[in-house]
Every structure is written in C-alpha cells, then in structure tokens.
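I've put the structures underneath this note.
Two complexes, one shared chain (chain A), two partners (chain B, chain C).
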Partner chain A sequence: MNGLQKRRKETIGVFLGVAVAVFIATVVSVCVGKYSISIEDILAILGGSDEVSVMSRKVFFTLRLPRTFMAILAGAGLGLAGSVYQIIFKNPLASPDIIGIAGGANLGAAVAIVSVSSSGMIGIAMGSFVGGFLAVLGVMLLVKVTRSRSTATYVLAGIVINAISKAFIMGLKYFADPENELAAMEYWEMGTLGNTTASKVMAIFPMFFVGFAGLLLLRRQIELLSLGDNECRALGMRLRLVRTIILLLSTLLVASVISITGLISFAGLIAPHISRLALKRNNSLTMCLSGLMGALVVLAADILARLIYSTELPISILTTVIGVPLLIYFLCERGKERVI
Partner chain B sequence: MKQVFRLENLSAFYGNKTVVKNVNLELNEGEFCGLLGLNGSGKTTLLHAACGFISMKGACYVKEKCCTGMNEKQRAREIAFIPQVCSLEGGKTALEVVLMGYNAWLSLLGSPSAKQKKKALEVLERLGCEELAYQDFGELSQGQRQMVTLARCMVQNTPVMLMDEPDSALDFLNKHIVLEKIRDSIKTNQKAGLITLHDPNFAMEYCDRLFLLKQGEIIAEVHMGQDSMEEIKEKLTLIYGEIELFKNGTGYLMSKKKK
Partner chain C sequence: MKKLCAILLVIAMSVTMIAGCGSTEKKQADTSQKTEKTETKEEKEPEIPATEYPLTINDQIGNEVTIKEKPEKIVSGYYISSSTCLALGLKDRLVAVEEKIEARPIYKYAASDIMDSLGNVGSAKAFDLEACLAAEPDLVILPKKAQDYAKTLTEMEIPTIVVNPESHDQLVEMITLIGSVTDSNKEAKALTDKYDEILTKLSELTEGIKEEDKPVVYMCGTSSYLTTAPKNMYQASLISTAGGKNAGDVLEGDSWVDVSYEQILEMNPDYIIIPTNNMANGQPDYSAEQLMADANLADVTAVKEGHVYNMPAGYEAWDSPVPSGILGMLWMTATLHPDVYSMEEFADEAAEFYKTFYHFDMDKSTITG
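The block that comes next holds the complex of A and B.
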C-alpha cells in the first residue's frame, strides 16, 4: 500500500506542478506583447475598476483574453487528442496527422485561400474544419471498403488521405499567386494565434467542448483500446462503433482548434510523451495530464512567439523549440525506467 | 451434468479457405476440456469463431442461448476469452487490467464501482496475486501476467471460458501453476472451460475431456476418467503418430516412440 500512496502523492504533485505552471503562463500570456499590461491593471480590470486606461482594457478584452484562452484550448485539445491517438493506435508516433485530419484541414484551408480568399479568415477556418472532417470520413470510408477491422488499416488509410491531400496542396501552391495566396498557405501551415478573436473562439467552443468532454467521458473505452482488437471484442467492446465515436470526437476537437490556429506542429505528439514519462502510466490520468501539458507548451510557445523577435513568429517553430528539450530532459531522467 | 456450451456444425473461414469444418462439441457445467492438435489444425480458429472474431457458419449456444447473432457486449456476458498473451504492454496496474473484465457489465460511459474494485482485489487474492495489484502490468513476469489475465476473465463472470494456449509463454512450473488455477476456478465456479494446448501431457493431467482436432475436424474425443490406456493411446496416435503412453500415478505421460 505504501507504493500506492507514494504513487498517488507523485501523481498529485505532477498535476499540481503542471497546473501551477499553466496558471503562471496564462498570467504572463495576458501581460506580455507589443502593448504590455501590468498585473495591477489586470486585477483592476477584473475588479471592475475605472482607473485602467481604455487602451489597456481594449487590449485585454479584445486581444489577450481570447488569444490566451485559445492557446489553452489549442494546447489542451491537441494534447488530449494526441494522447488518445497514441493509445488507440498503439503507436508512440501517432498525432493528429496519423488519420489525415491535419492533411485534410491543410487542404481545406488552401482551397479556401485560393477560391474564397476575399472572405478572409472565417473562410479559411471553415475550409480547414470541413477539410479535416472530410479527411477523417475519407479514412473511414477507405477502411470500410477494405473490409479490414484492424487498427493498422486506419493508419494506412490516414497515410493515403494525407498523401492525396499533399498532392492537391502542391498543385494549388504551384498555381497560386506567389505574393498573396502562396504566402497565406505557407503561413497557415506554420500556425499562429495572432488571428484569434473572441467571436472565433465562441464559434468553435461548442464543438471543442463536445469533443473534449466526450473523450474524457469515454476514457475507459479509450483505455480498453490499448488492448488488441480481439481482446477488446472479448471484453465486450463494440469495437467499430466505439472506435468511430472516438475518432469523430477527436476530429471535432482537433478540427475546431486548427481551424482557428492553423497547423501547430509537435504539441499533439510531445504532450502525451512528456505526460507518460512524468506519470509512468498510460491511462486516463495520462490523457488529462497530456491536455494540461499541451496547454503549457502552446502557452509558452505563444508567449515566446510574441517576445523574441520584432515581428510575431509562427507558433510551430516555438512549439518544436520548447517541446524537444522538454522531451529530451524527461527521456534522460526516466530513460532507465521501463515506461510505455 | 448440465450442458453449458455447445457448438453445432461450426465451420470457420479465413477468406475463401475453410479452416474448421462442421465441428460439434458440448461442454458441461464444471467441465474443463482440452483441444489438441498439431500446428495449423484449426484450434485457435475454432476458438476465434466461437468468440465471434472471424466469420463462421453453424451455431454456438451458451445455456441454450444462441450466441451467433449477438453483438460483442452480449457475447462477452456469456463467453470469456484468454489469449496466448495479453496484448497490453504496460502503463496500467494489474488491478486496472483486472477491472477491464467488468466492461461487458458496464454502460458505455460507466466505471467500475468501489464494490467491483473490492471484488477484483478478492479475485487477485484468491489467485495468490494480491501483491501484484498496484504493480505495473508491464513489469510482471509472463506467469504473473497470465494470472492477472485469468483474474480479468474471472471478474467477467461468464458461464464459459475459452482459452487459447494461455501457457505458451510460461516455463514448466508456471504452466502447472496457471493450469491448476484455471481448473480450480472452473470447478469451483461451475463454469465450462475449453483450452487449446500444445503439450498433450499437460492436457491429460488437467483436462476432463480432450477433443482431438486434425485438418479442421474433430477426429476423436478422449474421456480422461473413463477411457482405458489403450483407447487413449489409440486416439492420440491419430494425431501424433507412433507414441508411447506410460502410467504416471493416476494419470498418463506421452512420449514419441523411439525407432
């Protein structure tokens, strides 16, 4: 029992540590940027005081708050979805790319940029959301056509859909106007939180919530999917139905995020790894921690994206720069212990 | 004895190939039976078909209920399955693995209750594995893993247990320990068990009846308590060719006949 109590304490410690780090990053994210807001100003705004300048108030409500909230949603969504993919595909390299969501969303955004560029960011967000969803439906259709029930078929179908998406994107890029459309496509692929507005966040929040809450509610089924297909069936899991529900929920989650932010590389891959290494477990707690860890990585990346250069950097550069050393650190710390 | 499990004219297929042909067998309450055959004879396929993993023709009954049209959840309340090795590599405690056995009895969003957790711990204790409960499944030995998988199968609480060479990754002593626990569990809880085994000596020691499978068909049935030594030898010869059979206490030992 001592071992159990020690493990519980460690788990609580890890969760508390990451939660505190997320809180600090949230405060810093609201404060920093081209127009800085002090903590006193933030407290005054939240307290309803009139002593804060109109500019600070405007920056707080229209820029920082939606952006910070979106960074948390994006990180939590990608982290949770990444963890779910790695569990159900039994593949440590699994991330939203694995079943074609990222590829489909990228193609959807590219089509929107080329064909309805006048409608701006809303059109691109819609295009990427629809593209991501269609890609996953394409994967499911391919799996149905092959009549195979194995997990590997989903991964192979994802590779096929990704390859097709890439081919179309290359075609679009080739014919795109290099100054406007091509630049927009490249920029979208690198991701940014700079285009976040409160209305956009409100628009995707219901879908994000359904995906996020649904996956958390199905955590026991997701854990079961870490077993082989036949064992799942023998334990009474309606495999095809449950897997389809989980894939659709995770697609809803990821598509709702990247429709606003563009592609954010590495967050969905690294957050589950760090969580698993920190907890030395691979269960529903790891999924929750992965969400928190994702939020931390994306928040930190977004803060740096605003600070380290005169113009804002694409977030994918920084999620990678932050994520890789973290992963190496945990691998070195825990490498000798057996973890999955 | 009351019949618990029955296969009627069961045929199973991999693509267009018929691997199991018109198998008929029945298991009674408290009976532990073995399925013997050489590699490729269709032992695993037969179990997979009965569990609904692959396409089949014929019918499978548990206590006169036809399982053929059941979905996975309904079937898992009637038939439990132990694979050669549990596919889980680790990251979960042994207790979490055992609790997976309740899945068929829970709703899609439900979780095991405190009472079910207590019961799972009791089952581990009954199998002498209580100290493993909070250890990582991936850190257990193969023998311990099979015990945990057996505990999972026991909490699933089905009338029928089908086992696909659960001893295949175990050493000599662990084979005896695991098979003894399986037999005890089946006898104590009045279940019906069908196990595929490679070693006829283990099958003869632990099973009440043996079904001998050759090229997808049951060619003989050995009643361990009733058949004479000559009858057993004659039937085993149909599969293993020239053999010697020796008396070993109340049981038998088989070896290949030396030329």
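The block that comes next holds the complex of A and C.
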C-alpha cells in the first residue's frame, strides 16, 4: 500500500469516525431533556403513531428536535466559517471574532436589550444579526480606505472594529439596569440553545443555507486564497471580489447562528484546529471536517448543558470543557509523531 | 274484569302522577326557599364573585390569554409571582417554581412542606421550557423578562400570563390578575385591602411631619454601598412614603446607579439604609459596621450619628415590590420616625401580616433585636 492510499484511508476513517460520533450525539440529544419522553415514544412519534401524548409530540417537534438541529447547524456553521477564516487569513488565531462579527453581533444584541426590551428575543436576534453584518461591512470599508490589499489589513481592521464595539458595549453595560439589562447582556454572551424553537430555526435557516452552501461551492477559491495574494492574481483570480464574497457568506453563516444561540464562537476557533491536527493538512477537506467537528462539539456541549446540573448551564462553558481536551489530545498525538 | 283492571290502572297512574307533581312542586318550593336564603346571605355580605371559566383576560403586557378551566397545576417562574401565589393560598396548586428557592427564606417559612416536591424551572433569563412542561401545568406565570418563553408556551397551548410588578400599582394589578385567573379573588382582595389600610395609616402617620423634619435617606445597593436608588426607582418612593427624602433624587434613572464617595459626602444623608438581598437568605454583601468603618464616609452625618441600618434580613426583600414590600414602608417609617411609629408596633404589624397571608409565626425579636 503506498503512502497516498494510506492517507486516503486515514482521511476516510477520520470522517467516518466523526460522522458516527455526530450521529450518536444527535440520537442522544433528542432523547435527553427535563420532559421525559421514552425512546419508544420517540420512535412512535417519528413513525407517525397516534398513541403518544399530544404534549410529548409538541415537546419533541417544537423544542427537542429544533434544539438538536440548531446545535448541529451552529456547530457546523461556526466550524466551517472558523476553518475558512484560518485558511484565508493564514492565521491560526482566526475565528469569527477576527473580522469583527462577534463584537458587532454582541453590540447589536446589547443595543437591542437596552433600547427595545419589549421586543424580547426576536429583537435581540435581529440586533445581533444586523450588528454582525455592519461590523464586517465596517471592516471592509476600513480596508478600502487604507488601500491596502493584504489579509493582514483585514485582521487589523477587525481588531479596530472589535475595539470600537467593546467600548460601546462597556458604555451600554455601565448605564444598563444591573438586574435586568446587564444580566441579560452577560447571559447573551454566554450563549444557550435553551430558547431554541422550531420557528426560530426556520427563520434563520435560509440565510444559514445560503452561507453554508456558498462557502462549500467556493472551496477551491478558498484553498487558492491560502496560497497568497500574488499567486492568486497570477492564477487570474479577481482577488478582492472573491474575498468579499467569501467574507459576506461567512458573515451570513455566523451571524445567523449567533443571533439565535448567543456568543458561542469558541467552537469556531477550536473545531478547525482539531480537524487540521486530525487530517494533518489544511484544505477544503479540513473545512468539511471542521464543520462536522463543530457540530460534534456543540451537540456534546448542549447535551452536557442539559444534564450536569439541576438547571441548564450556558453552552460556552461546556464547548470549552469539551473542545480543549480534544485539542490537547490531537496536539499530543502530533507531538508523538514528530518524536517518532 | 278487564274494565276493572283498566279503571284500577287509570286510578293508580293518576295517583302516581299527582304524587309526582306534588313532590316536584315541593322540590321547587325548597329550591326557591334556598335561593331566597342565599340571596339574604349575599345581601348581608357582598360576596366577591367567583371566576367563571373559560376566562379571557389581558395580562400585564397586554396579551389576551384564555384559561379554559380553573388552574390546578400552576408553574410560577418568578419569585414575586411565586410569593404572591403563597400569599393567595395557592401553595397546594404550585407544581414548579423558579430556581434557588433554598436561598429565599419565605419558602422555608410558608412552604417548607412542598419545597422538596416543587419542580425547578430555572430563571427568567434561562427558563427551562422542558422542565416547565414536565410539570404538566395548566397555568404558567412568567415575568416580562421571560415573555419570549411565554410566547412559546402559548404556541404550545399552555395558558401563560406575563406579569410585570415594577411598582406598587403594578404589584396590586398583578395580585388582582393572579387572583382572577386562579379563582382566588377573595384572597387577592384581602391582600390589596390590607395595602390600602397600611397606606392610609402611613399617610396619617407622616402627614404631621414638617418638610424640614424629613431626614435625607441614602439607600445603598445590595452589592455595594457605592450604588444608590435614583429618582424614579421603587426604593425612592418607599423613602418618600415613609416620610423621608431620597438622597438619590438628584440622580436620573430607574435602576441602581453608581456614585462616588464625593457624591455621598455632597448628599450628606442623615440616614443610610442597606436593603435586604433578594438571595443569600437576605444577607447583603456587606454590613452596617463595614460601611461605618469606611474612613471615606466618616464625615457623613448618618455615620457620625450612627444612623446606618440594615433592613431586616431573613424574610423577603422589603425594599422591592414583593407582596410583603408594604412592610418595607412601615419599617422605614419606624426607623426614620420612631416617635410617631415604634419598632415594636411595626414588629406586631409585620407578624400579623405574615400570619394572615403566609400562615406562619414570625419571630418578632428578629425585628426589635
């Protein structure tokens, strides 16, 4: 067996392993919750049987299934977008935070919490979505103003926009009512899937789908962008246009996710690293694996969020708890190979 | 023979019919007598009508809610509505409440027997929809902060009302609303009548106090004494009702605001009040002694004269619009004007309040020391 075949087998093995794990986590996720629905009931509900109580059916279709679906969407979206950022910015620290989406979304949510408190979660979701988008447009505008075309300029512009967002958020937090508004802002930053319902998932799905499918279709261009600006130009790529489209698609993806879940962008930082270490390369395959890995991390985190305490825990605590050991494991594995 | 039989049969039937009619007439007479009796009774005591179901009612954010039957399984996701349910005698109909009830002393006193069996539906920010549904409620009460969850529950055909007790008037409105939807109108009226009685008493007590005799009161925040209640906060109205002037009236806002030492020195309050913490069994994060030991505040009149007080801990946050919040106004009056209303009188009043509405005996020495 030659090296190439061995590597292909390894890649298929890794993909299969993660896919099976995602499937198992999905099954566990639909079975876990405070409202007890037995596995037999779930099978009966899925089979269209009328024997299950109306309430169990409602809980399953309005809360349990959308929540599981949202966990998969959130993880896959953040994982894919994170991987795209790490590839095109050639920066292992790149995540949705890097070009200001997270900061902008956070500011948008904070503004919504303070100013339109009566609109509730829908207002916050819209605020964060618009905030995230405006932040990325701000980054692009800054890049245009500086007339610098390098990716480093995007990163710097992202830092600037993030800093501005943070300053405004601090201002809003200072003047916010500590018991209601401030608490709501802090809680939003921790992220949760606890308030996911079918209607919310349906509302963001079209935008998510456009972002996700668009990035997958542009995987070759994303790979080319990792080579460097000069190489891309030499290959005849319309660099600025392609980069803008990719950034807008990824923004659509990330903003639609965090408008529902709150800030859980850590999954977007860690999933690409784990995938790269597992596949030992950084290309479009890594992007896909990163999406799967993200879904696994968020699903597992959400299952734990529901299980380990009498009330639900914020998911960001658990994405870290699950993601970090996985990352350390793969780092150690790579370390061993180098020693050998 | 046949004829005889026919005649006998006709006679028998007629007798039965007459007897039957007679008894009906008697029954009718009995019923009308009973109605008369009830009517006479009603005339003597104007009865509060029972709620008729199905009931369609607007909640405190204006949502129209229809409740088909008298709710027997109530979930309350907010400590103020839960405390109201206890005060309205709905303890045995509560199936699940907000988290961390062990940190709220009122449960220990008024609902110790059901504490273990009550479900936990999380907080207003992180309401646990599945835990709520697992309790199979036929009525859910949620605060405005959780209105989004209320929308989801309504979509799932669980009757859900949203309450918003941010001021005394809104508290009264909430009590009446909960009374209506749970068919506890009588209990709700008794509680709100008690408020009116206390408020009348308070205005009588404080009307004779001259403006210049009203002390300046600085109300600290629960987590730090460098935060205070500004002009439009509930706590500001508490102070003015009790015959004091809120030091924070110079500040705009309707929630706790940060202040510096300089601002407190400028306000130079005659009294400093440390409110009860909502959680942690009512214990605030700092004591009156700690505040008085702060050298930066040594020149404030309240500190110099030793007028720094903790609101009594161990019951409920009397500085906020909870059902027993009215006691906070009385306590404040007893603290600021012991000559018109003594602490002993207040302790009696508080004990009576809890005995009447929460059915437990309060240890008066926790108030009088």
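The criterion applied here is as follows: the second predicted complex is superposed on the first by the 333 of 340 C-alpha atoms of A that agree within 3 Å, B and C clash if a C-alpha of one lies under 4 Å from a C-alpha of the other, contacts with A are read in each partner's own complex, and residues count from 1 in each chain.
Keep in mind that, in the parts below, a residue touches a chain if its C-beta (ideal position, glycine included) is under 8 Å from a C-beta of that chain, and two chains touch if they have at least 3 such contacts.
Being a predicted model, the structure only gives us computed values, none of them experimental.
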| said: Tell me the contact category for A:33 with respect to chain B and chain C: first, second, both or neither. | reply: second
| In the superposed arrangement, which partner chain does A:220 touch: chain B (first), chain C (second), both, or neither? | first
| said: According to the stated criteria, A:242 is in contact with first (chain B), second (chain C), both, or neither; which is it? | reply: first
| said: A:160 in the overlay: touching chain B, chain C, both, or neither? Say first, second, both or neither. | reply: neither
| Of the two partner chains, chain B (first) and chain C (second), which one does A:197 touch, if any: first, second, both, or neither? | second
| request: Identify the partner contact of A:286: answer first if only chain B is touched, second if only chain C is, both if each is, neither if none is. | output: first
| Touching A:177 in the superposition: chain B (first), chain C (second), both, neither? | second
| request: Applying the touch criterion given at the start, work out whether A:230 contacts chain B, chain C, both or neither, answering first, second, both or neither. | output: first
| said: Which residues of chain B touch chain A once you look at their complex with the stated criterion? | reply: 48, 51-53, 71-73, 75-77, 79-81, 83, 86-92, 96, 100-101, 103-106, 108-111, 134-136, 138-139, 152, 156
| request: Please give the residue numbers of chain A that touch chain C in the complex, ascending. | output: 33-36, 55, 58-59, 62-64, 118, 120-122, 174, 176-181, 183-184, 187, 192, 194-195, 197, 199, 310-312, 314
| field | Complex contact set, residues of chain C against chain A | value | 61, 99, 120, 122-123, 125-131, 133-134, 136, 145, 147-149, 151-152, 155-157, 221, 227, 254-256, 258
| remark: Within the complex, chain B is touched by chain A residues 1, 3-4, 7, 217-218, 220-221, 223-224, 226-228, 230-231, 233-239, 242, 276, 280-283, 286, 338-340
